[in-house]
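Next, two complexes with chain A in common: one pairs it with chain B, the other with chain C.
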Partner chain A sequence: MNEEKRSPVTLIIGLILLAYALVLRSQNAALAPEGLVALADFLKTGKTLGTQISVGLWSGIIISVVGIWNLAMPSMTSKFDKLVRAPMAGIGMIIALCYITRFYMEPLIKVWGKQAQPALGWDFSSIFGLNYILLGIILGIVWVNTIGIPAWMQAGVKTARLAMKTAVITLGTMYSITELKYLGGLSILMVASFVMGTAIFVLWLGKLAQIPRPLTGVLAAGLGVCGVSAAVAAAPVVKARGVDMAYSIGMLLLVGVVGLFIFPPVAKMVGMNELQFGAWAGTGILNSAQVAAAALIFDPHTIETLKVAEIFNITRILFLPFIVIMLAIWFAKGEEEAEGKVNVNLGKILVDKFPLFVLGFILMFAFSSTGVFTPKGVELHGKSFYSFKIDEKKEVRTRDLKKIQTMMESGAVTDAKVKAALEKLVADKQITSAEQIPLVLKAQDFTPDKDMKKVFQDADKKVQTKPETMEMMREYMMWLFAFGLIGLGMQITWTTIRQAGGKAAMIGAFTGVTKAVLSFFVCWLLIKGSI
Partner chain B sequence: MAEEKATTEDQKKMEERSLSVFASEKKEDITALIIAFVLAALVIITLK
Partner chain C sequence: MNILVAHDGSEQADKALKRAVDLAVMAKASLSVLSVVPDLCMMELSDDDCKSMYKIMTNESEKKLAALKDDLSKKGVEMDTAVKFGNAADIIIRACTDKKADLVVVGSHGRHGAKKFLLGSVSSKVVEHAPCDVIVVK
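== the complex of A and B ==
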């Protein structure tokens, strides 16, 4: 990394982040924080000041220290230098861009959207889903195709995929066993048919269009499984050349990017819920990173859609070995027909190319299932955490308890279990056990009155809690996703997209659209309910 | 032999295309795993 010689860039970026955090923290008029705080009031980001300060302080300190180190010892030869010191300037810059998109661009566009609503009749920021995730990707794409990535930033941009993988592993902490079982069952069914179906379809189309077998092979893996990584994993078994890979990667990125911008607004238009959209994105969008991006664009404020989409995506990745084996057999058969020989070590390829981060995700889920993140007395049920400790704050209001009593006396509740759960609720004034939750919520089915339904929902909400540990993990994860997706945007260059030409692009586009449309109808029409 | 070498070079080029600071995807995955677990440990130590 000779280009980093005596460059003060890392230190400057670190100091800017640090200064920003200190100015926010100081509340000192002389340093003009009032301007920033007033701006935060206008943008309604006051609640995020704590996060802004702590992330700014920590990242600013680390980046500044590395910046001083880079200035003092510019020679970078060791692995540590390559992996930590060299990328730090780019990492700092992307963190700064995360701040700009999350705390300034998104809130500003929201304010504009609301202001323009009376004139336009609709809120453009909400309709187009212009949140910080989408804005970050757009910013990345615009940046790389206009300013370009300077030498000091290049290594930092290359850490984007690492951030995405770390985020997906961290996401493993957010599932409950019930959720994973339900989503796992649903996804295996959907994914098995779509992955295998797409791969076979592409192999058939490739033969029909007389595309070289190596290119057809990588396209089948990329379009069937999870985009670029799958194409890379399948390359050795079908003896793909660099040019085949360049075409495939270009095409996969192009189809993925188009999907990323089209999926969320289409889903909003037809009124898909988080389960339907997560399943659709996880099945229909080609590239792993773009699946996460689409889910976060659809719903950036809760992570429910992301959780569904990632389970589908991970199930899809788990199919990678089967696709590689299938392609190896298909290719060997073709070679035999051409009287050639195929000499690849299939076992080694499977072990070498299997994405370990998927195992990391499973490991993290197992780790968090031990309850290590949840405080004592807090339990995860469905998608929420509950604490049943008797507390006045959790009590249902007296007049609502009376309403429940009256409802039971009227004989409206015919289910004995629901009735018993409600009697217990009236006696204890709050929900006191996990078994009681579904029964209290089920009581809504016995009344048409909206206010009464809300009483049951509120009783459930009152015992819900948000453990600080989980909130912190979630916050880390969102930063990692935001970081990774700005970096992802910065990897989408016109050159890559231009490479997606010829017959391969036709097959890619045709298959991508078919898969997207088919999976849309399956998810929209067949998946009912929510998680 | 020459063909095999060319394939390996192609493979290297394409891994470079997938844009990572790591020499292989496996190393990247292991690093992600370590970072995720270190973050988790820090959260547990500081908050629980």
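== the complex of A and C ==
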């Protein structure tokens, strides 16, 4: 945003969002001619009108107010101005792009995919996974590399980082303790071996190819841990030159982007489940934001894959200080031979490199596990929220209960614990405790009959609940991710990728592909079951 | 007279710098050397990361130009240096106004000139949009 000129652009964008929300609202009440609502019917986005209106109203009002303020007092000097007033136009524009991709492009492509299916024989929208997350990233990439980001949008695009971090912190509220324990253990095992393995491999490869040590060091961090941010974090301790950083950043971005587009369709093709894909993306994709992007491209409508991938990503980020320390020692050793000692302050690296948002994530998890976000009696187990309060609506149908009884009498259920749980279910007519859930679901193993399996699944579903606060938080988190990922696309520039070059590009491509393929097989073949 | 020369670390830019130095000595003009580095700060990086990256790159190009500066001051030519991050053409055009330069010297192509379709994209943009005279060194 230009600091002296009066620019109406913030106000214009705010008013457009506001007008859109108001038009939708009036049509919702059947006051105005069909137009948008008919379009919503065609695109099957009718259910989203509520969200569209409320987000449009709120963001429209806030952005318009700031827009008037920007017009009245164009000078921007304080920190608040730079953090809130300057980025508002860009924020509004990205919100508008969120609307376009989520409520128009994705549904339209879905409709087209269905229409073209008879002719093509396949549905291109679902095969390519053309959902709004992917479309948003593509839109961002195309935008920045063709027309470029105008000056008034730049500050807004930069807020994408904050949006992503906030989204991840919010995600912290959505884990149950069992989930976190299981994923934490698995991710430490996977990440530790891949991070260390890759870093050591790159150091060895660098020596073999006789690449300057600073460049090798930066590449080892970037390819081993979390891409661009790790490379820059390691740069000072290995005395990297500007050109080393430029080479590595360009290459890491390129390898990450390629992975981002290739991982999801490959996983769909071989039929990976949420746990497998989350683990693969969290291990094999280099940059943090790209991990979240891949998980959401794979599965934009539930958050299970994202939850797995983020735990892996966070575990990986926590390894960064250790890799930086390792590189510092490795570099100092080489330097000692050449020209005396290099001082490395290990404690300072540990403190400086600790990512604050991880602390936020852990705090939010701790906070939510005390139950502040959920109504009384609602508990999170595995993927879903449950309420066990006795309620007629939760009761299993009488004929289903009879079926269960018949099944038990036939002696099909051999497990004593499952049997006890089913007996309790028949007596109470509904599931009454968390311990009962896995046992009732396990009862499916004792019958080949699909309808019978469904009886047990229904019993589980009946006690599930969707607490309003959590639903709202999920929705707002998805907006933050969608916003952040359009911003991510807008930072994938040809100028940056073009920086990749020389031997760095070769080592990067080779290591990146090896890591992706190896972690693919490990996740696909060794990780069984689901969360 | 004030001569502005843009430098991106490429061989072609070294040529441009040499020509600009010759011109400055000849005309007893002051010389501004502008090092242009693509802005690699992105979403993956925190503000601190970006700052440390900028610092490494700034120190480097200042170090590189320090010897030249000494040399020129002996010849009575004033020289100042600056490092800017971002789109090369935009930065050069803006610096032209900010520094009140009479003449801008640029190389015919930059670090990635090898690729045909990019050849001279910066210099041609500068020629077209700069508010002052431009010399393109071949």
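Just so it is clear, the second predicted complex is superposed on the first by the 513 of 531 C-alpha atoms of A that agree within 3 Å, B and C clash if a C-alpha of one lies under 4 Å from a C-alpha of the other, contacts with A are read in each partner's own complex, and residues count from 1 in each chain.
To be clear about the criterion, contacts are C-beta pairs under 8 Å (C-beta built on N, C-alpha and C of every residue); 3 or more make two chains touch, one makes a residue touch a chain.
Keep in mind that what you see is a predicted model, and the values were worked out from it rather than measured.
Residue contacts after overlaying the shared chain place A:241 against chain B and chain C alike. Looking at the shared chain after the overlay, A:177 reaches neither chain B nor chain C.
Touch criterion met: A:287 reaches chain C, while chain B stays clear of it. Judged by the touch definition given at the top, the superposed model places A:227 against chain C, while chain B stays out of reach.
In the superposition on chain A, contact of A:372 is made with chain B only, not with chain C. Of the two partner chains placed around the shared chain by superposition, chain B is the only one that A:473 touches, whereas chain C remains out of contact.
When the shared chain is aligned, no partner comes close enough to touch A:120: not chain B, not chain C. Once chain A of one complex is fitted onto chain A of the other, the partner contacts of A:495 are limited to chain C, with no touch recorded for chain B. Of the two partner chains placed by the overlay, neither chain B nor chain C lies in contact with A:420. More residues of chain A are touched by B (comparison of chain B with chain C). Shared interface residues of chain A, touching chain B in one complex and chain C in the other, are 160-161, 228-229, 232, 235-236, 240-242, 245-246, 249, 352, 491. Those residues of chain B that touch chain A in the complex are listed here as 6-7, 9-11, 13-15, 17-22, 25-26, 28-33, 35-37, 39-40, 43-44, 47-48. Chain C meets chain A in the complex at residues 9, 37-38, 40, 42-46, 48-50, 52-53, 56-57, 60-61, 87, 112.
The touching residues of chain A, when paired with chain C in their complex, are 160-161, 164, 226-229, 232-233, 235-236, 240-243, 245-246, 249-250, 253, 287-289, 352, 484, 487-488, 491, 495-496, 498-499. Listing the residues of chain A that touch chain B in their complex gives 82-83, 86-87, 155, 157-162, 165-166, 169-170, 173, 228-229, 232, 235-236, 239-242, 245-246, 249, 352-353, 355-357, 360, 363-364, 367-368, 372-373, 375, 468-469, 472-473, 476, 491.
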